[in-house]
Amino acid sequence: MSEFDTTLPSIRQVQTLISDKQEVELKLVTDDLLVGRILWQDHDCICLVDQYEQKTLIWRRGLVYLKLKS
Amino acid sequence: MSEFDTTLPSIRQVQTLISDKQEVELKLVTDDLLVGRILWQDHDCICLVDQYEQKTLIWRRGLVYLKLKS
Amino acid sequence: MSEFDTTLPSIRQVQTLISDKQEVELKLVTDDLLVGRILWQDHDCICLVDQYEQKTLIWRRGLVYLKLKS
Amino acid sequence: MSEFDTTLPSIRQVQTLISDKQEVELKLVTDDLLVGRILWQDHDCICLVDQYEQKTLIWRRGLVYLKLKS
Amino acid sequence: MSEFDTTLPSIRQVQTLISDKQEVELKLVTDDLLVGRILWQDHDCICLVDQYEQKTLIWRRGLVYLKLKS
Amino acid sequence: MSEFDTTLPSIRQVQTLISDKQEVELKLVTDDLLVGRILWQDHDCICLVDQYEQKTLIWRRGLVYLKLKS
């Protein structure tokens, strides 16, 4: 992942989740499960905001999977 | 893995699993074992869908192994 | 992350936290949660200082997420 | 590991194990220990087959060590 | 970290710790906490020596954080 | 570590351990501690042999630290 390629399906999928203000679950390498809406993404990070408007900057290295919150 | 090389046996194997809608088990670095069919793959991610049509976007970094579901 | 790109939103966000002397929580791959102010960042590391003026040099590889201390 | 260099001793060693249908133990980052014969390797993965002919596609990222099964 | 850039603040900081024979704590991905003085660093490793003059070669990949021993 | 640079101190140190048939302890990311002599190293791996002449091929990714066996 030496470039942030905005044409990649996975990058575009996250971009759609941002536009839709979709609530998601993010599983991290530490086994933490964070819940919230994604505010933005860049080459290194994803920024999540939870229901209390608390923001979390997550490094991509730490991401394992993303699910839509059902 | 600086390129997404679609001629690689492992990438083609996953591509075949997508076409065949084959059910698989994916072991992740967090020790989670996810079960479902692979919908698509790109340079960064594999997208899995389970029997309840819930989709999971899994970062390749988090993948450990894949088995056919027996 | 082959370059330290200071125009990246995530890098600039950390830069703002440094200027604001904002207290943060840093979650690490070892599941440690460090609290303090960020003093500086470079390509490889983030330097944190806690309330006792003890400094910690954290390798980016080890970072999972950052939250503002509430 | 930006190239799959087939002249590397470690890559050639695995190639020999494939030809010899040698049974091996593979330790993974999740602490799993898989046993079987290696069928093939490429830049990203090693494919293992166990005694019940079940195949496992293992990402190199997840590999820790390999021993001959004694 | 494709180059060992000796002008980086974090690399220079470690260089200063070497000159000062400063005692440090190194936290590793395995959650080990090693204590000693850093003897040298290169692109791949940091070499630590403890109070019994036992040397440990630590791969950078395994480093999480460094604190001055108080 | 995009090249296997044999002039690096850490690579040369391992080369010396090979020549000296020095017994070492290798700590791995899985928290395993392997003991033996290093037979060879290449870009991707280190090959260890224990006192029963059992060989283990260890991927560099999995290495955390090396100590001389005391």
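Just so it is clear, A, B, C, D, E and F label the chains in written order, and each chain counts residues from 1 on its own.
Here is the rule we go by: a contact is a pair of C-beta atoms (placed from the backbone, for glycine too) under 8 Å apart; a residue touches a chain by one contact, two chains touch by 3 or more.
Since we're looking at a predicted model, the values are computed, not measured.
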Most widely separated chain from chain E, with each centre as the mean of CA atoms: B
Relative orientation of copies chain A and chain F, as a Cα rotation angle in degrees, nearest 5: 180
Whole-Å separation of chain centres (CA-atom averages), chain A against chain D: 33
Computed distance of Cα centres, chain F from chain D, in Å: 19
Per-residue multi-chain contacts in chain D, two or more chains: 2, 28-29, 61
Sequence of touching chains round the ring, chain E onward through chain F: E, F, D, B, A, C
In the complex with chain F, residue positions of chain E that touch it: 2, 28-30, 32, 34, 40, 42-45, 47, 54-59, 61-62
Complex interface listing, chain D residues touching chain F: 1-2, 5, 8-11, 13-14, 27-29, 31, 60-61, 63-68, 70
